[in-house]
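To keep things simple, chains are lettered A, B, C and D as they appear, and every chain counts its residues starting from 1.
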């Protein structure tokens, strides 16, 4: 379902998009080196709250999951687990090139190269770690797309769920780990 | 159909119960149910014969409003708890003595409330003390039965002494007549009042004498602790009523020293009540065993009842009596739910249970309504009584007592919530997976009691009318009602309106909830664990040390039990010393006594 | 108890929600300016609530849903009891004890549903919330008792009217200064604002009782939070700042009290829960008792005035 | 502080005939020890004040076909770091545990086993995995392990279309 064609959107979703486009809560899960860019985006110089965005403690309350930089296999298991705990509609923004093609860690046995195989990404931000201006611009862009109902990452995840699961199993082997540290 | 027939049924039923249970345990249990239920219905039968007196051998009885009210509360708790005997009977060592003692203790308390003269009063009082003292060791520990009996007998001996003293002074044994003839100086009046109310303090479990309550209730058999804390604690309230209302306490101490407009001895007892509220609340918050927790909450609520009755005015007195009723029902229901859980899981320790709501939803709802009433939250009966007590205290300006009352009511949110969250909610341990709901004859009394709590909470008129008659009989201006509202000079509470508005608010919230898309059902273990994988529910259930930060504040608290044991050790030392002096065979001590004798004789000669 | 009462009550609840949510939005902007940043739009709080309501949600069982509904129902009932400037949705229901105990129904409902979610953080948060309540409620109630004793009535509306008849100097702020200080301190605890908000600490216990809420449950709890703020602030305004003769006067006083509470919370660190209890049983309790004894024994400020 | 360094060297030379020492920076001493001597040397070092085992790590000399185990000890009083090195055969890496001398080495040995495959008998924990979850390939830190091939096989590479955009000035 390419983003282009406009399907008949129910009034409820249209109203929801109006609100979801103006108030997004970010999940407080710093997965990589880009997380250090978030404090300046939130505090007085750039003030993310102007866009109606703010950090929230748990995946149940959050709408947006930020993958900030390289993603090791072990963190990917936790990210998948948290992503599935988030409530629909949910979005993922991926920072930097490590999530696109592995970046400088392309040849590491521990980090994944193509995040798009495992999770539906709604927006990439270029930059080996994008500065707050780039992040603010991306969030603004994302909010416009949400208002026009063009963001459907979570729908794609639900639609071809088993395809995503197959990819995940190939890379991660088993999301839920059973060993002496997780009984 | 009169008072004597009720007492006859109970006493004969008790003795017959001993032999019936020998034949078949279940029949014995059903006997306890039937006798207590008939006593309850016959009590309603004789509602119109108030004022008549009866004579039997040398016992005389008088049907009074206050006696009827207390008997009604007792019979209700007995009848409801009796249903549980059906399931717990085969768990006791001596089931036949249990049935006999169970029914006889009800007979004792009913007879006690209607006693006209002191002798009947004291005989039935001792009957209750003895029967309950023998039932408690049927549970876990014997030691708690000893402590219970010792503290109760101290109280009854003090009251016996006061009775005999009053008899010597007035020559009459009839309670009301003796007290009206009594005109003594303030100090002797204080002394008689103190001795008389002593039994009440020990029975309610007020501060210095509260040590037996958690031990006895905690270890009593599961079906008897609801009666202990719901019913038998109220006997103390009756003695408090006698020693404050019948014994003309307020005018006897009229020229005594006044604090805050209340005579000093009564104010001292109210301070004791306040201390027992604070101690009961603080100790209940840190208990690990659900039954001990509820026992300490009875100590706290006993403080409320004592404060209410001691005030003997229009509002607080009515509040105290209504709280007596509300606490009896709520505490008995809470104990019954814990008994139902103990029947199913075998333990009452909070940290070993969890997630009971998934297997026993009815027991959960019953417990929820019971603790809402115990915590004094509308729309339950507990709220109306606490409202009356707080209004009365506010109108009199008793700040210290008001501080204790608020501390007790806010603290009760904490300790009633601990079993709710740790036993009923949270994760269900796999070992309780195939747990079934409480059996039918346990659910019936629980549902009836919950219905009563809710009904009286919304329409307090039905119990308040009884209390108004009691106030008129005691010569106090009765609390004024208009329609379903309580309208006193500094406050207005229409419980029915509050309930309707609460229902209206609930309706709006429900509509808002149903408007939104339906929520997806998710398993309890699929919860936020900061992205770590946890698979054992016991690890994810927060029950042990529920209020750890608060409990740390008073970790090494001084305990009255250790105070008493220190005193008893001191006594033993003195005893040993005297024994050494008098009984030892060594010549030195005999020599000592000879010298002492000669000294006194010669000294005596010089002095005279 | 006519239909008009219920319609008026419903509109009153809507009005209270709209009024308080917009003030929260304005205060979020003020807090932002406190931290030298621009802050969100004034209607951001509305957007957050309706966004939360528009999302899908999960449920951990019937007690999880029932608790939230009971909490919101209890809080809405309490809002209906609040008297503002001679407007009463239902006559004779503005007794102080009714309001503070029906407020407890809301707390208990949320506590029950939070523990029902099976998350240990929720139970820890609820345990802290109840301990916090034990701390801030007792001194406040002692001040309220002294007020009932001196004004001989427990209905908030009448207390507000008495203060209005005595003119500006009649406000309890001047008559019982110690009591007002105690009330403002325990207001910080009631609102769950910064010095005493260890029970919803986001980083420490993942926002305590709110950990498992999302979607419509979270939206309803936001509404609940705003309505309970409305109740507590109007309680303080009616009891200590003479309530409003008109809606406008009440609104101004309300805004001032709420902004002061918010600014104090903007700069204060967060107490540990046992520090909060120990703090409340030192100065505030002593001040409340002293205020009480002054009013009862000497009658200054109430019967005798300069 | 040089005297403690020199008498340390003297002691080692006297007892274990270790002669060549390296001192890359002040207060740091590196020397090699034969396999069978290692346990006595470590026990001896602990007895003369080297109470802390800071780290056990392993170096893979693929050309010499040996693993080199490096024990980094530290003496709190004199402040000297001592690096004790010993060589283990690469094809059949077997060695004894020193848990009884320095209990803290338990997890280091487990780490070395997981990434290099050196087996420390006597410490049965060391055969379990520590950091790598559900790892089934060869030991990752060994030089003959090709991470890029593993990464390509396991996580796949993003395929870029090679035809460049049409010539500028085209339609």
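The definition used in the following text is that a residue touches a chain if its C-beta (ideal position, glycine included) is under 8 Å from a C-beta of that chain, and two chains touch if they have at least 3 such contacts.
Since the structure is predicted, the reported quantities are computational estimates derived from the model, not experimental observations.
Both chain B and chain D are touched by A. More inter-chain C-beta contacts link the pair A-D than the other of A-D and A-B. One inter-chain figure worth recording: chain A and chain D are separated by 38 Å, centre to centre, where each centre is the mean of the chain's CA atoms. Centres computed as Cα averages put chain C at a distance of 62 Å from chain D. Averaged Cα coordinates give chain A a centre that lies 37 Å from the centre of chain C. Shared interface positions of chain A, i.e. residues touching 2 or more other chains, are given as 58, 60, 177. The set of chain B residues that touch two or more partner chains comprises 528.
Residue positions 56-58, 206, 211-212, 215 of chain C each touch two or more of the other chains. All chain pairs that count as touching, in label order, are A-B, A-C, A-D, B-C. By the touch rule above, chain D contacts chain A in their complex via residues 128-129, 133-134, 136-137, 140, 145, 147-148, 150-151, 154-158.
Taken together, the chain C residues at the contact with chain B in this complex read 1, 6, 9-10, 13, 53, 56-63, 65, 68-70, 72-78, 80-81, 90, 92-93, 95, 97-98, 101-102, 104-105, 107-108, 111-112, 115-121, 123-124, 126-128, 130-131, 133-134, 137-138, 141-142, 145-146, 148-149, 152-155, 206, 211-212, 215-217, 219-220, 272-274, 277-278, 285, 289, 292-293, 296.
Those residues of chain C whose C-beta lies close enough to touch chain A in the complex are 28, 32, 35-41, 44, 47-48, 50-51, 54-58, 202-203, 206-207, 210-215, 218. Only residues 526, 528, 531-536, 539 of chain B touch chain A when the two sit together in their complex.
Considering their complex, residues 73-74, 77, 100-102, 106-109, 111-114, 117, 170-174, 177, 179-180 of chain A touch chain D.
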